[in-house]
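By written order: A, B, C and D. Residues from 1 in each chain.
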């Protein structure tokens, strides 16, 4: 059986040589272990550099808005959902983008791996659900399942729902997963405890905005954090400003977030920023029965209403 | 009277009310014209429609030290722009849940539908809002205080 | 004063003997990461790779008050900026990696030019004594030896420690360093054997750094030749334009000045800023001299590898610590970019 | 250590609305402490950071000349949050001035030469300073012919009418004031600055041109000057970039290795041709 990497290269070469697309957006191998980089293959030769492994964390849909050329994208379940989002939000045309669906068995949480093996890793070998980390004088084996990102462990759509072709056969979807078990526990606590929890969560934030910049949903020309008249939040390291930033960032993703985890993977400080977006994702699903990016036809929940929408909290 | 009650008694909260131009602002006006009494803790900001409300406004009000925020607009079906308040309702639902989930105390954030004919309701809701915010006490969450850095 | 020996079992005594005059900072585990924190005994790390964040924040905090003012028109002196009293405490930073010390030395040259000196950098910098700790085991992403630095580089340090196993060899490098070692307890004069072992460690560590880049062609080429090179069209493609690389970098020093007002008092604060941000160069008119990712990414590398060398006597604005390589969410590897620039 | 970030406190002595759209005002500032005026020794072409506590700082060219004692002039366009706050201030209000910053026009090197001064719109501020300085009886003899070409979109958008109308009456400066098109009541020249420059046709012989204006004006004036025979060393320009520190540290105004705030804002075209066009 051919590997995902081989299938992706094959498809990319075919699309490029047939002139179907101008560029294939995928991943290339990282210059250091446990990383990959988004890669734009424009020729058949460059397509040879495309790869697929368990470190393709960045969401490639992020690179689509305002693109002019015809582009093929290798897309995990979540990436494909974000491409659908972009199409719905008129950031790219359906006929301009060729979705190479890559059914996904989850991506590895870099921080989690480094927590388990803090020595300098020189090489990573992946086979049969095992990651073997090799250093100058050590070799450590980890179960991939143990170091998956939390969003991948609870992923509801590992197979792309909208695609032009699939690189490999579909993988079984996870069953019996409660995506929000931890949130329910958290919400059962007192408001003071929740406040303390979220303050603690973002206390290390350095305001690099990597979470925003890695997010495919954040394509505004001018982000609210950069607005000056009025200035919505200060730029110093201040708890109220940091929290305001995270709340507004999350709210802007309401009804659009696919929980792809790019924000969390991009955060250099290891902040669990998904805790904010997940709160909204959960509500959107429970209140309006909507999951982002599953179909090109469904209307996003904040662009529609029902006369009988819940409103118990309104006097 | 306990110490706690005393504090609440003396505390005069600042409450920012975002009122829709066509209904709740008219309701406030009618309450005034009708000489209906309610405590003077409310600072009104007129907005064209609750559909114009951005979560930024609410967070900014708290950030700048508001003890409570109240957003009020037309009853569903009565929107001057047909459905502005119905779209807004979904945003308010999500925002209300989000802010409470991250630790906003109960009683700080209020939403209501008050028509321009409901001066009475406006005064009643105003009293309710003020009482709730008073009960919650001075706000310290999501408030920006003087910057504490080296 | 000659080189000294400090047994690791005497570290606590050493630290305690300095506490009367100095606050002592050393690498400690802070959650998942290693960072500098005040210590009062020997409980800190010597076998770490490097601190997670660059220690530049010790002299150049991410947010720092510059002035304070009142906006109370009724009061006296409203709207007139008053200096914030700064009496930085004398500090000893123990266990600083040589690359980070070299970065301080570069920043010394940036925060002082022929006309001005930045008081906020120098007030803390001058009150601090830096005792470095050479790297016996450099990381795979270290490339310090390519950029005028090395695992046992001495520039910028007041003293350098060599980890010889159960004891440290301390080499004083400046008057400030000598003074601290004079005062410290637990030290014994070094024997020849220790010196030889230290030299061997240094040799071995330098050899262990296999990651190399060259900058000779960059130095030779003109600004415009480098600026207009074709490779910039590809480097930026995957960049997110987040500020991670600049915030974790030990030599990135660009800052913003902001006024923060609370009620009738306010502060002028300076904050780290990043050339990756769209707003960084945005004019009030709406014109932006660096409008896209390409220009912004190019600026960062050109600044470090061409502009700083031109302005600061050939000093390269990178010390090869590898933090940006490890933390870039899209794996833009500075070594690859430098190879392209030098190709 | 002298703190280079600390502004001198000043009082707004007078505010003059300069243009018909009321977006440009000239602020006459007087130092609160007379000794600060001595410390603030500047030359034409330099700028200062105007500091509004609570809003921030903005780099603005100094429009007054060192020969005008007792005050500083700054003409400010209302665009962003600080300039808007400044426009809302009243005479008598207190603010800060930090500087002088940057280099200046090369007045020493220009001695014995003819000087062509070309300005567009509100970029004329530091050139007003330069002309006032050159026309001062103590300095006029040091320079040859002085030609001043200044244009704006409409007569109402021309700054410093009092000054240029006085210069038009003098015989030791040729002042050509132009507007983009015909306007009722305007009897002066009509045409864009590059066209008027061509028409005036200043000789490059022993001359230097100081050019300051919007990018579009610079773009079309530069070829005219080159056609007239001005070499890239003879064309001198003043740049502006977003700035914060103003003292060559904070890094945002860089154009290549040069800090516009400290190494500039004045550069010769020869220097600029060796730098990226990041301004």
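In this text, a residue touches a chain if its C-beta (ideal position, glycine included) is under 8 Å from a C-beta of that chain, and two chains touch if they have at least 3 such contacts.
The structure presented is a predicted model; accordingly, all values stated were derived computationally and were not measured.
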Most central chain, Cα average position: C
More contacts between chains, A-B or B-C: A-B
Centroid spacing, where centroids are CA-atom means, of chain B and chain D in whole angstrom: 50
Geometric centre distance via CA averages, chain C-chain B, whole Å: 48
Interchain centroid distance [CA atoms averaged], chain A/chain B, Å: 36
Euclidean distance of C-alpha centroids - chain C vs chain D, Å: 39
Touching two or more other chains - residues of chain D: 80
Multi-partner residues of chain C (at least 2 other chains): 63, 256, 258, 260, 269
Shared-contact residues (touching 2 or more other chains) in chain B: 144-145, 147, 149
Pairs of chains found to touch, sorted by chain label: A-B, A-C, A-D, B-C, C-D
In the complex with chain C, residue positions of chain B that touch it: 144-147, 149-150
Partner chain A, residues of chain C touching it in the complex: 32, 49, 62-63, 137, 139-141, 234, 237-238, 240-244, 246-248, 256, 258, 260, 269, 271-272, 274, 277-279, 325-327, 329-333, 335-336
Chain A partner contacts - residues on chain D that touch it in the complex: 80-81, 84
Interfacial residue positions of chain A with respect to chain C in the complex: 30-32, 35-40, 58, 62-63, 111, 115, 120-122, 206-210, 212-214, 222, 226, 234-238, 265-266, 268, 270
Complex interface listing, chain C residues touching chain D: 66-67, 69, 71, 78-81, 83, 110-111, 113, 115-119, 122-123, 222-224, 227, 253-259, 261, 266, 268, 273, 275, 280-285, 287, 289-290, 295, 299, 302-303, 306-308, 310-311
